Amino acid sequence: MAKSWKEWEKPILELEEGIDKLEQLIAVERDVEKKASLALRAQEYREKLHKFIDVRYSRLGPWEKVLVARAETRPYTLDIINAVFDEFVELDGDRRIGTDHAVVAGPASLEGRPVMVVGQQKGRNIQERGYRNFAMAKPEGYRKAIRMFEMAERFRMPVVTIVDTPAADPGVESESRGISEAIAASMLSMFSLTVPIVSVIIGEGGSGGAIGIAAANRVLMLEHSVYSVIPPEGCAAILWRDPAKGPQAAAALKLTAQSAHELGLVEEVIPEPFGGAHRDPGETADRIKEAMLRHLAEVAMSSPEAIKQARYDRFRILGRFSGQ
Amino acid sequence: MLVRKPAGGQPNPNFVQCVNCKKTLFTAEFEASLRVCQYCGHHHRLNWRQRVAFTFDADSFVETDTGISSLDPLEFPEYAEKHQQAQAKTGMVDSVICGTALLDGRPVSVAVSDFHFMGGSMGSVSGEKVTRALERGANEGMPVIIFCASGGARMQEGLLSLMQMAKTTAAVELCRTRGVPYIAVFTDPTMAGVLASYASVADVILAEPKALVGFAGARVSKQAQVHKAPDDFQTAEFVFRSGMLDRIVPRREMRSTLVSLVRLLGGHLHLEAKKVG
Amino acid sequence: MAKSWKEWEKPILELEEGIDKLEQLIAVERDVEKKASLALRAQEYREKLHKFIDVRYSRLGPWEKVLVARAETRPYTLDIINAVFDEFVELDGDRRIGTDHAVVAGPASLEGRPVMVVGQQKGRNIQERGYRNFAMAKPEGYRKAIRMFEMAERFRMPVVTIVDTPAADPGVESESRGISEAIAASMLSMFSLTVPIVSVIIGEGGSGGAIGIAAANRVLMLEHSVYSVIPPEGCAAILWRDPAKGPQAAAALKLTAQSAHELGLVEEVIPEPFGGAHRDPGETADRIKEAMLRHLAEVAMSSPEAIKQARYDRFRILGRFSGQ
Amino acid sequence: MLVRKPAGGQPNPNFVQCVNCKKTLFTAEFEASLRVCQYCGHHHRLNWRQRVAFTFDADSFVETDTGISSLDPLEFPEYAEKHQQAQAKTGMVDSVICGTALLDGRPVSVAVSDFHFMGGSMGSVSGEKVTRALERGANEGMPVIIFCASGGARMQEGLLSLMQMAKTTAAVELCRTRGVPYIAVFTDPTMAGVLASYASVADVILAEPKALVGFAGARVSKQAQVHKAPDDFQTAEFVFRSGMLDRIVPRREMRSTLVSLVRLLGGHLHLEAKKVG
């Protein structure tokens, strides 16, 4: 089992490189027959690649899902926001102590209707990752989110949250500014709202960091996203004192979108385009948008108080035990 | 846990050793001082029965929701065995006990987490019990008191455990809506998924001295930033300075502090109860 | 005009020392006639002192009021709290970043009835002053106050605030944690409450630092307390580029309880015992308690919404201008 | 203020000098770029007429509450004279102008503080005008936009000025209760009693680049702690890092940002207006 995205993607990259090289040869080849033969080979490669991707992505194991969900080529929150909404005005500040670029938030226009958006943002290169703190939100991020939730309530705006975080920030400063309180208070705020809330997990739904902005009426997951109580490596370190056993832990934790759906913890798994969201971010965004609109409309059919109650009821029944 | 001093190979039940300063204590005195070391003040961990006995009016605690017990929904490796061992060791069904009690004659809704049961970890059953304790308070107008002692969410129930964070927090919101005071007491340790859910959004938060209180395992959060961490990082004292606690209350003052808080913050419930009655 | 409390108190202290010395002489004097003559002199001194204090405290000028209001012998907030309430459980923490010992807060019992108390606390010696930051609240202090206001609303507890601060903390760290926002948010929170709020200014009502916890239904002032938009020294520094002209500024600012009452900005001036609050803290507390109970009872006669509206209306009409 | 470049003793109206970089600018270009220096980007202070012209739909601003004017309730030394001088200099009655306007066709309630009138200080009249702008928004369901520019409370009206802090904040609370969005724009400078009242509790806070924003006079707050203050202490950039601002918006983008915010946050008002009409 591949331990990293890079290792796992290798056969695909090699096939793609092969096709690239063939295309280059075809472009400079003057002999018509040879050109045709090369084209045939390129076509075979393409079919092989297509089939390889097809097979692979139709039977991703839990650990492979983790790799895909974390892939740096995967569309991130702002990619989705820019594609889904006609307009987005990013707002900032927790009105307490600071800004947090791991969280992006603000009002947006969804097919002309105002919504409030809160999401976690990863970075693609080293600079961005530092700036976004690897999408690990600090207390400031959750408190910014709370500000947005409260505004959404006042201005009767449905709320959309977009989850993509490995975890909340575990640093010393976050502890000293109450990261735990901030996560809990963010959920508390969400449970107080009478406007619809829909959450979409687009990549990593990392434990407390994720649920902190996912106390929604409906929770949707992209097909290859994951949602887990603990990172598999952390689980393996505790259970087997071996972080390298992440793949085994991933299986034990049942962290795939499919498992979450089977357990009744998410309302819908949004299918990803052929070969994963990263192969067609535009189509991915379209599908998210369609699901988002549909679920928001369904939730909005109820009265404000009923919307709040439905959210309570949704979470109230979660848990598996015997007896009464 | 307390290590009984061996005397001729056999532990002598008349003596115990403080886990902190290692001094030998008379068991009777130790129990009389609520299991606080008379030399170093160390607050030894309590099981739920001791906690109830030290806190509420004598014989007033009535356990509820005893019928629910854990499943193994993920068929997680070794979970069933570990869970059975914990049951055998503690005599508990799961890590949280809930019920009602009287506090200086006033009814309160109670949940007590016991660290001895799988590190007090929160799975479906403990999440459900905490939720029921909060809901009972909200619905019946009783102040809610929860003693926290937990390493966090129980990973063996996977995402179901994570969902308990949201579920219990929703029940806190219900208490807020209904104007029912909810007091949390952080005892050693109060961590991770429990701290980041119902524990931290209590109206009033008390803690026992030196209790470990934090979000991330100390190893994780110190890793990168060990130079920034104060000596008392993730203790009640550190968390108090961070503005997250109302008071650090020595065990001998815990009951009287709770009595006052319930009387003062629950006064309106009392009045309304009077009106009805 | 005296520039300091020490200078101003000098004649009283000298008289008191004189009396002390006479008492000592009397105690050791064996000659009956001499003893009687000394006793007579002591009595004259006492009458002189009494008269001196009487005259002085019945016609305190604005600057003298400032000196008295700031006197370190004056009863401070915790003195008043301990004397007025049967019980007080101090609570702490802003649930954001820290504690602030310039603000003391928590539920208390007033003649057996629960109330929520928030006050500013000065220190009497160097250690205490450091610990209390000279009663200059930081953002944490106002955010702790907001927590208490919100609890008071949830638990239907009337609110009592006790004002005694030279100003909010003007330091760099307070700026970086939003001291302005904290003050404004504290007022905003008070205006949102539907339970009665009574504020008592017991010493210095220092500008934004004071109004931050004084957006009450009723505002009461101790007879020799002051309430000002700016410290007189600061005003003098701006107007005349001379902080030493504080006395002139104090007069111009009309910062006495009497002026505030005449301007219709406070409901009641609570008379202080003979020679000022510091000469009889117990009696001072009794008078505060009586006024507090009376005003709380009056405000509580209205419905919750009417109590909120009355607070709005109280402040709505403040201001002096011509035209409509 | 801008210093017109002397040419042969007479200022030449075709040129102005940037107060920051001192470069010479064509007046026409300078006005066309909304009085932002093309070289250093310095945002020069605007008077209220310029602000209105740069922000709202052409000719849509209607001034209201023009009838109220200041008294001298404390008979404060030199206040009457200073106030009259400010009136003569600015043509304003007091430091705040309020009214209604259209923003991309949508009605908004507006207040604009002008620093040129006694440093934009807030006394009874400006406090009243800000309050009326907020109340008008709350009562008529119009988003409220307030441009702040003030050194703080006006000390010459003593405690009456302090009361304006509470009065205006109460009106913000009314907007919150009514679900009416209120957007504040911090322009250079936004300080003290204004910052510590209605300005800081806006739903959304925008600021112009480099605007001075702070609680205490920089002298006061730096006195003891000068070593701790960053170079950009009490600028919009510092205040943004402190989490107190939503965005720093260059002047050329201010109108379009406000248009978007009013449309998105005021959508529910629009819908309700439609229902009624």
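In this document, chain identifiers A, B, C and D correspond to the written order of the chains, with residue numbering beginning at 1 in each.
Going forward, contacts are C-beta pairs under 8 Å (C-beta built on N, C-alpha and C of every residue); 3 or more make two chains touch, one makes a residue touch a chain.
Predicted model, so just to flag it, every value in this text is computed and none were measured.
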| item | value |
| --- | --- |
| Which of C-D and B-C has more C-beta contact pairs | C-D |
| Rounded Å distance, chain B centre to chain C centre (Cα mean) | 41 |
| Distance between the centres, which are taken as Cα means, of chain B and chain A, whole angstrom | 34 |
| CA centroid of chain B to CA centroid of chain D, Å | 51 |
| Junction residues of chain B, two or more chains touched | 176, 200, 242-244 |
| Residue list for chain A, restricted to those that touch at least two other chains | 95-97, 176-178, 181, 185 |
| Graph class of chain-chain contacts, one of line, ring, star, complete, other | other |
| Every chain pair in contact, whichever chains are involved | A-B, A-C, A-D, B-C, C-D |
| List of chain D residues in touch with chain C within their complex | 67-71, 73-74, 76-78, 123-125, 127-128, 131, 153, 155, 157-167, 169-170, 172-174, 176-177, 192-193, 195-201, 214-216, 220-222, 224-225, 228-229, 233-234, 238, 242-244 |
| Complex contacts: residues of chain C adjacent to chain D | 168, 170-181, 183-185, 187-188, 191-192, 207-208, 210-212, 214-215, 227-230, 234-235, 238-239, 252-255, 259-260, 263, 265, 311-312, 315-316, 318-324 |
| Chain A residues within the chain D interface of the complex | 87, 89-99, 106-109, 113-114, 140, 144, 151, 154-157 |
| Residues on chain B engaged by chain C in the complex (per definition of touch) | 176, 179, 181, 200, 203-205, 240-247, 257, 260-261, 263-268 |
| Residue ranges of chain C touching chain A (in the complex, touch as defined) | 95-97, 139, 143, 176-178, 181, 185 |
